[in-house]
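Chain IDs A, B, C and D follow the sequence of writing; residue 1 opens each chain.
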Amino acid sequence: MIVVLKPNISKKDEAAVIKEIKQLGYKPHVMRGVERTVIGAIGDERTHQTLEVLTSWAQVENVMPVQKRYKLVSREGHKENSQIDVRGTIIGGKKFQVMAGPCSVEDEKQIMATAVAVKKAGATILRGGAFKPRTSPYEFQGLGEKGLKLLAKARKETGLPVITELLSEAHSEMVAEYTDIIQIGARNAQNFQLLIAAAKTGKPIMLKRGLSMKIEEWLLAGEYVLSNGNPNLMFCERGIRTFETYTRNTLDLSAVPIVKNESHCPVVIDPSQGAGRSDLVSAMCKGAVAMGADALLIEVHPNPADARSDGAQQVTLEGFAKLMQELKPFIAAAGRE
Amino acid sequence: MIVVLKPNISKKDEAAVIKEIKQLGYKPHVMRGVERTVIGAIGDERTHQTLEVLTSWAQVENVMPVQKRYKLVSREGHKENSQIDVRGTIIGGKKFQVMAGPCSVEDEKQIMATAVAVKKAGATILRGGAFKPRTSPYEFQGLGEKGLKLLAKARKETGLPVITELLSEAHSEMVAEYTDIIQIGARNAQNFQLLIAAAKTGKPIMLKRGLSMKIEEWLLAGEYVLSNGNPNLMFCERGIRTFETYTRNTLDLSAVPIVKNESHCPVVIDPSQGAGRSDLVSAMCKGAVAMGADALLIEVHPNPADARSDGAQQVTLEGFAKLMQELKPFIAAAGRE
Amino acid sequence: MIVVLKPNISKKDEAAVIKEIKQLGYKPHVMRGVERTVIGAIGDERTHQTLEVLTSWAQVENVMPVQKRYKLVSREGHKENSQIDVRGTIIGGKKFQVMAGPCSVEDEKQIMATAVAVKKAGATILRGGAFKPRTSPYEFQGLGEKGLKLLAKARKETGLPVITELLSEAHSEMVAEYTDIIQIGARNAQNFQLLIAAAKTGKPIMLKRGLSMKIEEWLLAGEYVLSNGNPNLMFCERGIRTFETYTRNTLDLSAVPIVKNESHCPVVIDPSQGAGRSDLVSAMCKGAVAMGADALLIEVHPNPADARSDGAQQVTLEGFAKLMQELKPFIAAAGRE
Amino acid sequence: MIVVLKPNISKKDEAAVIKEIKQLGYKPHVMRGVERTVIGAIGDERTHQTLEVLTSWAQVENVMPVQKRYKLVSREGHKENSQIDVRGTIIGGKKFQVMAGPCSVEDEKQIMATAVAVKKAGATILRGGAFKPRTSPYEFQGLGEKGLKLLAKARKETGLPVITELLSEAHSEMVAEYTDIIQIGARNAQNFQLLIAAAKTGKPIMLKRGLSMKIEEWLLAGEYVLSNGNPNLMFCERGIRTFETYTRNTLDLSAVPIVKNESHCPVVIDPSQGAGRSDLVSAMCKGAVAMGADALLIEVHPNPADARSDGAQQVTLEGFAKLMQELKPFIAAAGRE
């Protein structure tokens, strides 16, 4: 860590800082600059207590960490891309994957029709929400276990592996029994107890970025999964919260090259949540493919206008088939299959 | 709801929208404007399905809700300020309340010394974290139940009621057994399962605002508490996430008059999290008092430089005593005691 | 406009609102809903005074505009894509254009070497700053007119048209004398006097998005150009300000399909400013191409480490040549040349 | 500056960085840490070229400045609070000042009535816009010089000094002829040419914070005023842009103690722009006073519903008189007059 002292402090005040740095287990290294004295504190920032407490001292101007705080998710110690095997479907490999399906599982007819159609159009994983986190308690909260059963039925019928969201620690075993990938949603991205419970099921985890989560915080939330014994983690960007109101969220596609730089885990893009408008989904998908994403997560509904949640952002079955055709040249240009 | 149609659409496309509005249970009311036709859809937006799905229709430009989505937390149906009785200490009444204590309970000596000192200085409720949500899995996660027991001991010694954070649905009964107020933290502000579990304990709930939560979303999260049978809710502003990096968060003091306008529930300000720097705490507290907050939540530690979490933002025992003196004229100016 | 009244107001208060709506030239249309009364005010919102003043009335809850505020930049009245002819180079046509060159023009050798190299690699327009807006007064402010002369010399040598930034109304004629396109920078995006001065030179204008400019505000700033008699406007997204600190700004690629939806003007992406890091430029460029941008604006420097401004985000001559090769398949996939 | 190298780089790559640091005029100081090598570069960061260009080098992970970039506005070299004398009215002294008046000067009757009323209620400076920066070119742009003349007339009548906004370099002399304080608006806060032109008039300058301006950038914009020979600068917080949509902007009252910490210049709060809603103005004013602001800037209009700009946020003459009474105990509590 780097500790910057205020200008013109006394020798005694400086000595007190140096003493504290030693007491917390670091080796101090003093540099006298033009206006300020800077102390390099040498030691592992992940195993020693942070020196940031020093910023509460009157003679200290600033404390700056040098090391990265994440370790297991970091590409530094794991140069190769991680690949996640989901019933034979590899996420993070040469083949580009598409997860598609309705925002919420609503009934058997809806999920079956969607599953068959998205498979035919080229999707390789089926998505569908059974437990829905809703901003208002008066909105549809999902079918619960009944929804999970319908997803399992659709998997049996189509062979597509299934992804669904886990909302409650209390449901982790139940959800793991039915799903192939556990999704942790944006609102729970720093619900560390839920992350630990999900990790412990052993199922692959897809961790969405929180609405105002910095890249570093997102990677550290992922660290909760890997450090709890589950190596099968993928990150999913779904739009961040900004001042812009034209779209519901601002899809941050720069997250693709950044997470690829920093981590070995696969990256998924969710353009449906990202835009909140079905008319922007196609352009977002093309951008995601071109920028190096490993997979897409797209909301598809047989009749978006009758959807029980998020109708505005779901594409139709025909729209999805057309989109898959349009993506082909971009997938080829990106060197994927 | 108001449905705005695109300019120059066909009669048939317009008729289809009107039909769908009727089907979803609303009574359409057509207004032909200069460039656009606007349809007022009359019906209770909280009991009917939302018309927002219509934005996925090609002929629809925009759908605007008219009603407020929150009901039980709203001042509209509950004109009087709510008051919460915590072992005889009233939050939301004429007396201004101060909750103070360490970020984390660390050991008996630390919590006892703090409890005695803050009581002497005028604090009326003791805060302390036993379960800590930490950005990194490698940081101190709190003492758990041992911390709860120490809080209970400090209450016995000083008579101060206690507030502590609930992190996991699985702990709701355990935490409720020891604490007088349950705190829901910013990262869990839309963890609705946790909110429901907390509500069901019957204990008063203090709901912190999420880092990027709009006022409406915050009120709706509070609606989860009231609609689950618990009327004792207070809101706590603790800083939102913005582009500014000088402080850890940007304390949004305008939340005080806004929540007071919209809701009958008490409002608490947390300047410690809000600023992340102990040198700004005093000014923030004065502002909060002047703007009409009902209580403050202040982090106090006997030796902030040795704190196991968030040392930079905790004030010393002496600093806290001085602060309480400085606040007096502002509390009087605000017409509080 | 839609005026939403508060619940349970008196007949007299309602009548006062209706009277004011009429006085401001609108025709009121009353709809009585379940909880609230809503008044549709029919009339052209662009020629009448706004009704937003009504929100200061105690009986009014909300006022919502229905019309779009921009007109000349809007695709509604101009369905075809606009094309801008810059000395024979068409921006907004089938051919994808690349503007490249240094952040600042530093000396003759630097700008000449860059101009020759970017032309060889396939760039079609030369960029270079002569007047630089710098956060601190102690930073290099550009060569001024000397820089403009060097740009003109590089144009003569290579045949590449030139784009440079206009910083001051007082310089509009001088800059227009040398440049082929006038750039209005992010910090001046709502400096309307500068926009008017630039428009009046008759040169094509590239308007960068301000750091926290909503799409609507950006389009309205463009409206200042078109309504001052200059039809040759293009919009340039260069990153917005968010909470994320990993990159200097957050490049909002969703601006491409959104501006294309709303406006007929060409869209340019600046990945150099957008990312602030040269290692992310390549992925950003690919995304921009795939999402439908008409052109790129890329900072290129013979020796970024010695650059007098923004060295961290400029790519080398070799890096640029390689990037142009990598973009080819994406340009083809996007159906461009 | 601190240069952090990537882990496991070669000796040759390290030597190249050290050589460049020396070439740019700094003295390198190498520290070998647990995982990374860190180089302290000793030298004045304000007079040498920045080392941030090194972040474009493959072997460099991060470059962190140590010094503050602002100098003349900084409290470091100027411990005492600056006081600005405006025709005998002192801003930044013991007396709390209130600037009040309409958003726009509309006609003689309006400005005279307002001036007389605000003076009677206790305001000490008259505000009024003659040149108005408007988001849309179709909105009222102010009366121009005619408005300036009306302000001068109101000053003659009431004795109140006057503040008005400067929008264009071309108007700097004309505006300076009429006004006592020049206001630089939020949209022009980084229009450095305008700042220089304003500074050179010699009139006191009030610099509003840009919508997404970091504190450091704001102080550096102020540095443009002081370094151009004008010591009479005050900073005005008027709300920043965040994700919240309940208010037009989010008034960042923490700017008061922060700017007071960092700078010797007076701080003014504009609650009218900050909230955009007149019903929040009173609470905002109380908070500003309590937190240590030196002055308020409040929009007051005889009939807000008929205002030609920003009617929603202007308070009535009666409302203003009542507000001034309510502020008295808070001004006293803050130790001001």
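The rule is short, and it goes like this: a residue touches a chain if its C-beta (ideal position, glycine included) is under 8 Å from a C-beta of that chain, and two chains touch if they have at least 3 such contacts.
As the structure is a computational prediction, the values presented were derived from the model and not from experiment.
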Per Cα centroids, the chain farthest from chain A: D
Between the pairs A-C and B-C, the one where more C-beta pairs touch: A-C
Chain C-chain D separation of Cα centroids, rounded to whole Å: 25
Rounded Å distance between chain B and chain C, as computed from the means of their C-alpha atoms: 38
Length of the line joining the C-alpha centres of chain A and chain C, rounded to whole Å: 30
Residues within chain B bordering two or more other chains: 212, 241-243, 245
Residues of chain A that touch chain B when the two form their complex: 20, 46-47, 49-50, 52-57, 69-70, 133-139, 167-170, 187-188, 190-194, 210-212, 217, 220-221, 223-224, 227-228, 241, 277-278, 304-308, 311-314
Chain A to chain C touching residues, read off their complex: 212, 214-216, 240, 242-247, 250-254, 256-258, 261, 274-275, 279-280, 282-284, 286-292, 329-330, 332-334
Complex interface listing, chain B residues touching chain C: 2, 4, 7, 29, 31-36, 38, 40, 42-44, 62, 64, 66-67, 76, 212, 241-243, 245
